[in-house]
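Have a look at the structure below, then the notes.
Order of writing sets the chain letters: A, B, C and D. Residues in each chain are counted from 1.
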């Protein structure tokens, strides 16, 4: 079998954790039960790019259980859990796969890839083989951040142009690797990406960033196939962002620093869903939370929820913990670092590492970066003041803890599977464009997670449903409804 | 001056409360400052129908301060605060109005109107006088629930038909009054309502119910002028519903019953915005809260927020307090009442009184309704069991307390004023249809309430705004954003 | 029958409320069931002085149900609920009492007594009649604040001295009345109080203040009989103070001002049990709470509970709500009032009205006190700034709302009844001194309130009890245990 | 230098963590500043036995900074942090100690000692050397659990008896080691322990267990020197237990299982201080918490705090997480395990591992114990059901996380240092007996932690202090006060 992971001997431990995770991912497991016989993804060849974790393992094996042929890479060079990758490659117990003779799903991912390796492996998810043993491309994409979607679109574009720009056309180290891979491909085939794109029925995209790229392509007319925006399902954005961060923020701070959160002043930059979950998390541990916000509506929400809302400048010199949740950049700047207290803790749970100006921090004359342990550094100022930065400014819940827990990822990934089924089985209903999942599917995702929590759902009578003007079985709300 | 209220001698007390309320309604007061010179509503003749409370008094006087001529009725026969009505009629101190010589705004409302009186008074808000002293209709409507919008639409319809149906064409006691008023009108003029409708530039509507009626008319093609749906502004639905009910639910329970909420089991039927605020309110007092829900997404939210989610049947025999928040009907039924504990407390903060089957309750053989004090009744079952019902099943926060506090109403009413300005000054931008306020105005409403809470708003740099793809001054979010 | 109340026609409404309250006072009702047959207070003649409210009515009728003969006065000139007094006088339904022919318990209390009336009525609780119809004194006292205990002790002292000091020996207006009453008594009898004191087996005292007076007397050797300090039972101090105030603080603020608490900055002066309950109450409504404290342990608790802890001076100019909970005096002073924001709200839920310097406030040159409604005043400063003071600085939960709810008073009053039974039936075990209730009775009080809340108590096995070194049935904790 | 630790090369990492921890232990650091010059422990030779963690390192170095000569062992074979031991041995930077030439404090501890090693090392803390280089015993003990106090008392007893019982006199494996060590000692010296005991001025004891042993000895008359019970300082019991567990409970669950706590049903057995902190911790993460209790007062508190209170039997079949906090034994029994859901999680944060019947669990026929990772096991029942047990039933916050955070330990350990100073410098004030620290020192401990949290303490005026009857500088409360 075709795969590239760290070490297949980790598969046994990975399988144990996969089994535990399945219990916490009732949405995915229930899809296996519901659709196992119907095999709605029979014939689907899914190229996937998403953090190769235990939870993703359960996602992959669910896609396979529904009939799909799957190839997988990671979307982040650091986030792979090697035991998860190994277990997926070896395969579920019923396949009889072993480390010597793996029978699972091809995965191309390990923790700590280089950028060159990352793009070499990303390319491999496009190399399927049909039943006759001939090379063939995927007919579905499942993406997180849009990297493989971009690779395919650029491939098509360069094939149309007949040439790939030289690596010196860009200063971006990562994009040089993209160009390298596509140039190599163009040497081998002038139509590879074009052929693939013709086969692809659609892509389901996990994140805000990836979705923005898709909307941009759609607006400029270059989108090649329909896309479902999984990110904006209620059961994704309101659960993954809010409840996921409520769990993983303090988990990351605790594992990274062992510092008591109770009694401390914590600044949360941003009061969107991530900020709301983060603030609740810190308050639940007894911290006094201060919010910064740019949006007056979110700022007013924060105030009504009992938080102090201030500019960072106002509180930077006495707060103990600083967390960015914005998706924007330059939130915590050098001028802020300079005013912080000794042993202030700084971390990011928003998006990219530029929420915190790490580059600027490193350039302060005389500053010393001292590693306490992996992903935890004290930056020692010339006057001896130390500031602790978690995960080098990258997502601390991934870097210092284990990311979102399985239950919340089950919501996100059940959306992913349903989106794959929609695009693959109702192709004609989705002309090229960017869609959110229909509300009845969003509600279905939620419904699949209720039993695990002992929730009893009330059922409308027909009379009540008529009174509200909704079907008895939903959907229950207008698209404007904000939950 | 032309008005009809309970007693002008209450005006002094009303003025005192209006002055206190202005401090709590910074959005409205700030509109007076911002737009006082520009007089954007100069020439507007606004016919208003909305609960005639102190907060509404501040709204009315804000509309007047912006140049409008206003006539006002209530939208509910019980909710008028007589001292508020009196003070608005007498007028602001600078007018020099007195009870003997009132110089304020005409109001037609008192607490405890009959249905006949209600519709007689509603008709009067259409009777403006122009500067020359000639009768003229309004050119703007401000409505809550859609009663005066309906009156105008039916008036036009019946004038077109040349006849008003007889009162015996309906079983509905209230609709008989509508027909009576319109028949009387048709006798006097065949074109009155048609002329008025031609002048009306639009209506701003406060509630879900009114908005549904407007969408229905728009769909069937009978809507006569554009409408702004104030109800679905974030600063209305997410503030009025959630934070308003958080305040007024326990206030109503406390005033009605003096029963300790802490330690009790409280069932909240529905976990929409009203339910969310209600649950938080009860939990904040130490109750153990159980949620019932029909929508799996809201049910999952409730569970993730730490609430037990069950069907009413499962918990009805041991809960102490039952609150409906659904907007649906038949939520608490006779079969539930029969299983409740002795001295269970039942109330509604949702919408109409049919959330609780009051009619069914009254029909239980042998049951006795015993008034403890106004708006608080014990229903004594044949076996001696008593159940306490608040406000006869109508909105308990209005019936047992004083409704939403000024600050939250300031959000709703600032939306109303901005909607009136939009429709009146940008008529051409609003062809017949139903609109929500543009997001930048929704954000503006929030912004006007920040200073009062000591909130410091962070301002984006141009670079940050570009990175996010939004203007520095907003709006900051897509229409899909759920807050 | 011998009584003095406002109006017996209020008895019917009072009875209705008594019946409702019984359901919320399971401790008292259960004592009636448990001890009704045994009649442990048979022969007890209890002179009581405690706020004559509905809850006290349930207490009185419980004492009677256990065999006692009772006479009652209030301990506060404002706090009497006239309908409660009337209903207790008329008597429980089974007595067949009516307003014309009352058959209940003698009460001497009405809302709004003068100080002279107060002490005249207080004296009357000592005038029992024995079965033969002869005058006789009480043999038990139940006191709140220590007024009747003081009257009796001073009476004995003056009889011993043979004279009562003249009223001009004191500047204290209230103490003049005490001297007047005792002088009148001494004229009639030289041994009245001495005889009574010889009969009294003990007193149970409700409050901190009363308890302090008792300890002082005990230390100086002048205490005439044993006393039980009910105030320091866990089920009193930790429940009445914390949970009672959690309920009644916001109830008082809401009824007094209708101002939204959510989003506001509230300062709670003091973080003892009252402060803890108050802070929780305000936070539960979405306020941002700041604590002031003098005790470093309580201050550290507040910080660990997530509250900001500052001196009043630091925050006085931006907070919206100020609540004193200290039991000390001069907490909010003129210099603070002068720095407050316009429309700041000030109230006291601690002890006496001198927590707030009301006298100093009134002396500010040019200040005007303007009543908005009873118990709610705006103090208008010369520059137009207004500050709202609740209940004239007295306890706002009593003045603006209805005090602690029945359930929490059931805890306090069950302690009272058990204390009366202890002192009356185990006289020999209590030599003159001041005692707290034995822990097993404190636990019993709690136990009697569990069923009403659906609590299932776990029972130790004998082995587990032995392991812990406690009896299976308790008491479970050492006297040092802090709960 | 005389020491025995795992590996001195860990000292550098340990020093880094010690430096970080000092910032979080302001009480200890401030004692160094305050008493550094006075050297109140000059001449003290302290034998210490307490978990050899980073926090204990800061404690040891504080004792040394105050003049003491110190020798240290651990009180638990598993809890030593080897890098902490190494850093303490190497010594503070100003000593110039290195791994080759350590100059710190002798420590006898490493992670994973055998019982034999444990008691061999414990003995060594008694082997001081005086300035002249002669062997001498300690004159102070600092103990956690009472092991070295017991060793000394038994040593004296056996010397008096002239013989040590044979190891076969006991079935207890651990006690055999105690007898072995003491027998070896008696061979070498007939008066060693007696001489030491004559020199010892006192012991400060950290835990409930140790304190109970001391009270038992005192009651039976065998206590040889005074003891201070640090455990019952408010700043220990109410902080370490409540806030420490609020932090470390979820930290342990998260690190052990990565399972989402939000939305789950968690049972907390016991609602003492540990239970209160645990319940708050779980609720803060969105769990629905159910309490079990034997004490009706604590049960009523739990109910009033909004928790469901049930017997374990009632909820065992649907709860997801079970946490014991009782200090009792047999709380979770085989019959409970058998009824639990698949993948239920079970852990103990109370005291000994017998809170959970681990022995009984292991004896279920056909059950398999499968290690997922260290300290996390799934017990697989014959029917395939798995239950996850954390830390083999021992304290999960120590086993799965890093125990209480530094800030809370700073409170406990500042009590320890103050207790050492009291006993050492005021020997005459403490005749043989068991004492709690005087309240003014308890308050001092709190005071030393306020600045770090930005707390401003209010200072009483003399008039206010007189009114309350307390000194301006405290202590402020009676011994009965419960906080």
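As a working rule, a residue touches a chain if its C-beta (ideal position, glycine included) is under 8 Å from a C-beta of that chain, and two chains touch if they have at least 3 such contacts.
These numbers come from a predicted model, not from an experiment.
Enquirer: A-D versus A-C: which has more C-beta pairs touching?
Expert: A-D
Enquirer: Compare the contact pairs of B-D with those of each option in B-C, A-C or C-D, and report the one where over half match by residue number.
Expert: A-C
Enquirer: List the centre-to-centre spacing of chain A and chain D in whole Å, with centres computed as mean CA coordinates.
Expert: The computed centroid separation for chain A versus chain D comes out at 41 Å.
Enquirer: Round to the nearest whole Å and give the separation of the Cα centres of chain A and chain C.
Expert: Roughly 59 Å, centre to centre.
Enquirer: Chain C: which residues touch two or more other chains?
Expert: Correct list: 243, 262-263, 283, 286, 300, 303-304, 308, 453-454.
Enquirer: Under the stated contact criterion, what part of chain D meets chain B in this complex?
Expert: 262-263, 283, 286-289, 300, 303-308
Enquirer: For the complex, which residues does chain A have touching chain B?
Expert: Counting only chain A, the residues touching chain B are 212, 232, 234-235, 237-239, 243, 273, 292-304, 308-312, 314, 327-330, 436, 442-444, 446-447, 449-450, 453-461, 463-464, 467-469, 474, 476-477, 479-480, 482-483.
Enquirer: Hey, which residues of chain C end up touching chain B in the complex?
Expert: Chain C reaches chain B through residues 13, 16-17, 20, 23-24, 243, 246-247, 250-251, 254-255, 258-265, 280-281, 283-286, 318, 342-343, 370, 372-373, 378, 401-402, 405-408, 453-454.
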